[in-house]
Amino acid sequence: MGSVRNSKNRKKPKLAVFKFASCDGCQLSLLNAEEDLVSIGEAVEISHFLEASSHVEVGPYDLTLVEGSITTPGDRERIQEVRKQSRVLVTIGACATAGGIQALRNWGDHEEFQQAVYPHPEFLDTLATSTAISDHVQVDFELRGCPVNKKQLVELITDILHQRKPRFPRHAVCLECKQSGTVCVAVTRGIPCLGPITQAGCGGLCPGYDRGCYGCFGPTAQANVSGLSHWLLKHDMPKTELVPLLRNFNAGATPFREEGNRLAREQDTELE
Amino acid sequence: MSESRSINVKALTRVEGEGALHIRLAGDAIEAVELNIYEPPRYFEALLRGRSVEDVPDITARICGICPVAYQMSSIHAIENALKIRCSPETRSLRRLLYCGEWIESHVLHMHLLHAPDFLGCESGLEMGQSYPDELKRGLRLKKHGNQLLSVLGGRSVHPINSTVGGFYRAPSRQRLQKLIPDFEWGLQAAIEATRWVAGFEFPEFQQDYEMISLSHPDEYPMNEGEIASNKRPAISVDRFEQEFQEYQVPHSTALQACRVKENSSYLVGPLARVNLNRDRLSAAAKRLADELHFETPCTNIFRSIIARGLEVVHAYEEALGILRRAPVLTPAKISYDYHSGEGCAATEAPRGLLYHRYAVDEAGLVEKTQIIPPTSQNQLQIEMDLIRFLPGVLNEDDQQTARDCERLIRSYDPCISCSTHFLKLDIERLES
Amino acid sequence: MPAESLREKTVSPWQIHPVRIVAAKAEVPGVITYRLKFVDQNVEDAYSVSPGQFNMLYMPGYGESAISVSGYDEQNRELLQTVRVAGNVTRALSRLNVGDELGLRGPFGQGWPMKAAQGGHLVLIAGGLGFAPIRSAIEAAICHRGRYEKISILAGARSPDQLLYREQYEQWKAAQVELRLTVDRATPQWNGNVGVVPLLVDRLKISNPATATVMVCGPEVMMWYTVKSAIEQNISVERIWLSMERNMNCAIGHCGHCQFGPAFICKDGPVLRYDRIASYLKIKGL
Amino acid sequence: MEYGNRQLLAKEGLQDLILAMQALEYMVIGPKIEQEAIVYEEINSLEDLPRGWTDLQTAGTYRIKRRDDDAYFGYVVGPRSLKHYLHPPRQLVATATRDGQRWEFESIENIEQKYAFLGVRACEIAAMRVQDRVFLQGDYVDPLYAKRRESALIVAVNCTMAAPTCFCTSMQTGPRCTDGYDLALTELAEAFVIEAGSDKGEKILRDLPCSPVTTADLEQARKLQQQAVEQISKTMNPVNLREDLLENLNHDRWEETARRCLSCANCTMVCPTCFCSTVEEVVDLSGDNIERRRTWDSCFDIDFSYQNGSIVRNDIRSRYRQWLTHKLATWHDQFDQSGCVGCGRCITWCPVGIDLTEEVAVIREKKCSE
């Protein structure tokens, strides 16, 4: 069947996990795969996964998972090297696919941020922005989520082991809500919910817990962000609340970023 | 003339986040020990400014994917203190239950996948599984329970979504909670077995005279509430934390380190400190087990902290079972509150130790100022101090072995390096004085 | 109660049957023609297919793909399917060897109107991989050669080495079938037509347009211009048939994916009469 | 056999009905308050019903509210419909298992669960019949739908009120249930008028503690049903609707709607007639055990029209157009009826309140020139 598993005499494919600016949550999702973790461990050679193993092999790697965003000059270079060493490079999680929560610095004054947190900013060597991996190197596949869904992560690894192109839904969270029988919190309670413009993958988690979706999985393909913000503004949601809603873990994703910026500009002119 | 020698561990492994260790020696004299955390800074304290208090638990969770509940709990309690919100006893129980889930998940992960391999000469938990398949399987199952509990209460195990200021977004389903009971009954026994297993490891002799710091509460094992206790000094209330402890920056690390303000001295937080200071408040089964294992307290050998972790897992299982059996009903899920300007702080016990947060909020419920002091920054100086004392005993080995031994020592702290970059502004004047 | 009366169609349309690869022939780079044989003889006995219909080929773990039947070897009871490597399913299929098994559901859909075309000039037009379903019409027509006044095959490909079924051409010509080929880009060795397929239609001699039937399969733009040319040749819109393609998931009209205006490509098509869809072909994004 | 012999059932008698259905091993699915809406859920007893509650619905909003009486069925329709149970959102349809070099393929054909639906409205019966047409009356029968549908028991309720989103009268599907049920109820102030519509229903009715109806009861029932008719304010003229839409596939309105529509698929999920699905391949790590699962899909999903590396309906405009024209126009070509029963769910549950009847009105008002 052409699966890697079947070709007994071939060496096991090498898996590497690299981390950039992140919280480790996406890597942890792999350790959280529990039973599957053992099977993955059998199917691949874990060649570089610092959080899980002291066994470190040099590249090239067959599959590289990259967590985290680019925030330092050093990392900007390191990712180039990682790319060179990787046959298939997959980014996992909002940090890697959109810059993560730390991309909020892109709207702030970097120096002032440094001063607010560190007494000696001069010891630091960081960039003024937090950017997605795909802004720096070519990425073969992006797995969304903050954190990624561990089922999807295992599925992705399986897909690659079996030489399948990974395919995940690009539709809205709303489908998952309805499929799981969750009642829409936007319609029944007027709670602002990003579900209609956020990519599925979490299973409609937040609405199932009576709160609005806050966009962990980033924008859907062709997300109509202004369509949603238009409705919310018409229904008395102030821009001061709407802008931060769009600026969460996927603040750096283009559709969220652009609409957030547009609203913020309008807000500024209104204030003047 | 003795040659100068430098030992580098370029990348610490089996720790959460990324860090390195540099040791510089001149002959047998230690010139420098630097725990270098090169985890890039993410400026959480800066990005929280201007956000509404309800956004805070979601954002602070992202400081650390290993202990998001700890960040949520500390920030929620600090904000509730700022807004003078008093939550119901049921909320309190369910929050403890949530925390039990995180302790189980995080401790079991560390015990089985990160730390145990050191004692068994393996490079990873998976490799260890080849010689100890049942132990690994048991560990993974225990870890899964922790995750399941987090998922039922919080929606998912990494960055759960159900905790908020004033309670929970949705009252946890009693039915789903009670479904966990059989698993947890099994887990309690299995956790006892696992602890017996790790207690049988061979530990290096390494006794240190630590100052141990943890929360302490008259009626319960510390998690979400209590005073800050020490084995060396009188207990203080949480709101005095910043007067007694402070953070400062060192050039070799992106993380800040913490120390005692007056004495400039290091201290230890985490499971070993907690068990030492609160042994009599461990659950019955955990206490019995500690006696059975002749776990002497105070225990001052950091390598034995894996046993303390085991005891806490047993405690967490037993406490969780009690709450699951009661399955408190939460009505309403979340209490309503008004915004007003104020300031509040709180400390809770993250799996790795004390986690302190302070917030100033304005009358619209937006954050003005934040201070977050995570456990790993508090342990960092202690780790360096330990290394200085530990090194002479391992220096006659080759560099690789010395490095490996040092790494083992560091690992027994279960340092969470991703957390340790989110450190706080310190008061420069005070530092210089 | 309608629900009660309709239970009789007992076999689940979801049942997949194993088939074995008996032979695989690389046609052109990236395109393979397979000979498939049912593993279970009862299934083989029950199976009957007409030209223009398609099967869902199933690669366990990868999914299903709609693949036209490009021929059926009655003697050996072997199905011919020509597959271009496009994505997951077809790529996985291409990694199989002779003797390996895969799954199949089918046949599905409405095929070419071979009967209705009898008595007149049969014009079969293929572009690229559209040759696959056209091939099954060629076979069927040759089988009953006498029933058609004239048979013309017009086929186009990007380049000469992209032309499918080259080894069959002599055989077809021997059965008195007119074969005209064209390529977009010629090579030095090529001395046939250069240009798009509709040009071949323009040059075709159709003695009696009233009884001629045109069957086309190829990319949508190619079909669009081919039909225009056919109409200019005075062929009635009711005698022009197109084989259409849309995303195919269930193949039984239950999943909604393959809709094209009023048609379900899986059950009303893939072969559709031009005049019934003409107005929709013009609309973008339907 | 003639049914329609009407009788009176005391309000508490509903509990006997629930018990009778349970005794026949039905899982009773009825209205229940969940997450601040009245949804179809498993009902264990009368206590579970939303007694004394109603719903308020407009485009994009839904709220539940106390009524000033104790009516059990004093609400309209909720986000779930029978399709949630008869054509469930996730369904295993087939499996593949590797056995050495060979594969075993199996299709799932048996389902033990029998459902009894309590509180079904006229438009919902109509919607179920639309799905019957899709799954049972074509060349292929969906075996799982057939099983569920055949074993289902329908206890209908005649509407006595309507929401501003209802337009069943336009689509000629309600508000009165005329057939397609096993039992039908009309809720009066003090009791129910109950009648059977099938042998199954008749058998259950025989054992219920009923009393004879009076003319006054019937008059009250008629009045209440009339009240629902009168409350319906929304209309959509079905005459020529198919042509009006198909002749306007390039109307400017589609573009305008696309600026509001989020392509979130809520309308298709709540619509009781929408039937689109996708079969997903769920593979274990070894690749040896595969489940083929059918899940609800939607024409609003961008990948729904994926074909050979490109997307056919590659903007919201063409996706919305596909939905509306399928529902109201090409459905006639395919199934000889409209795909819309006028329940108004898509209007209420659209998170930005798009109302298909308004869209249709605009398109009709100014037909496109071409």
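As written, the chains take the letters A, B, C and D, and residue 1 is the first residue of each chain.
By our rule, contacts are C-beta pairs under 8 Å (C-beta built on N, C-alpha and C of every residue); 3 or more make two chains touch, one makes a residue touch a chain.
As the structure is a prediction and not an experimental result, all values here were calculated from the model.
Chain centres computed from CA atoms place C at the largest separation from subunit A.
The innermost chain, defined by the distance from its C-alpha mean to the mean of all protein C-alpha atoms, is A. Among the pairs A-D and A-B, the greater number of C-beta contacts is found at A-B. Averaging Cα coordinates per chain places subunit A and subunit D 37 Å apart. Subunit B and subunit D have centres, each the mean of its CA atoms, that are 51 Å apart. Subunit A and subunit B have Cα centroids lying 25 Å from one another. We define each chain's centre as the mean of its Cα atoms; on that basis subunit C and subunit D are separated by 39 Å. Across the assembly, subunit B contributes no residue in contact with two or more other chains.
Residue positions 60-62, 87, 100 of subunit C are each in touch with at least two other chains. Contact with two or more other chains is made by residues 283, 287, 297, 315 of subunit D. Looking at which chains touch one another, you get A-B, A-C, A-D, C-D.
Listing the residues of subunit D that touch subunit C in their complex gives 93-94, 96, 98, 101-103, 105-109, 129, 132, 134-143, 146, 149-150, 198, 246, 249-250, 275-279, 281, 283, 287, 290, 292, 294, 297, 299, 304-309, 312-315, 317-318, 321-322, 326, 330, 333-334.
By the touch rule above, subunit A contacts subunit C in their complex via residues 1-3, 162-165, 167. Those residues of subunit A that touch subunit D in the shared complex are 1, 3, 5, 36, 39-40, 43, 154-155, 158, 161-162, 169-172, 174-175, 178-190, 193, 195-197, 210, 220-224, 226-228, 230-231.
Across the complex, subunit C meets subunit A through its residues 60-62, 87-88, 91-92, 95-96, 100. Across the complex, subunit A meets subunit B through its residues 19-29, 31-32, 34-35, 37-38, 41, 46, 49-56, 71-72, 74-75, 100-102, 104-105, 108, 112-114, 116-120, 123-124, 126, 130, 146-147, 202, 205-206, 208-211, 214, 216, 241, 244, 248-249.
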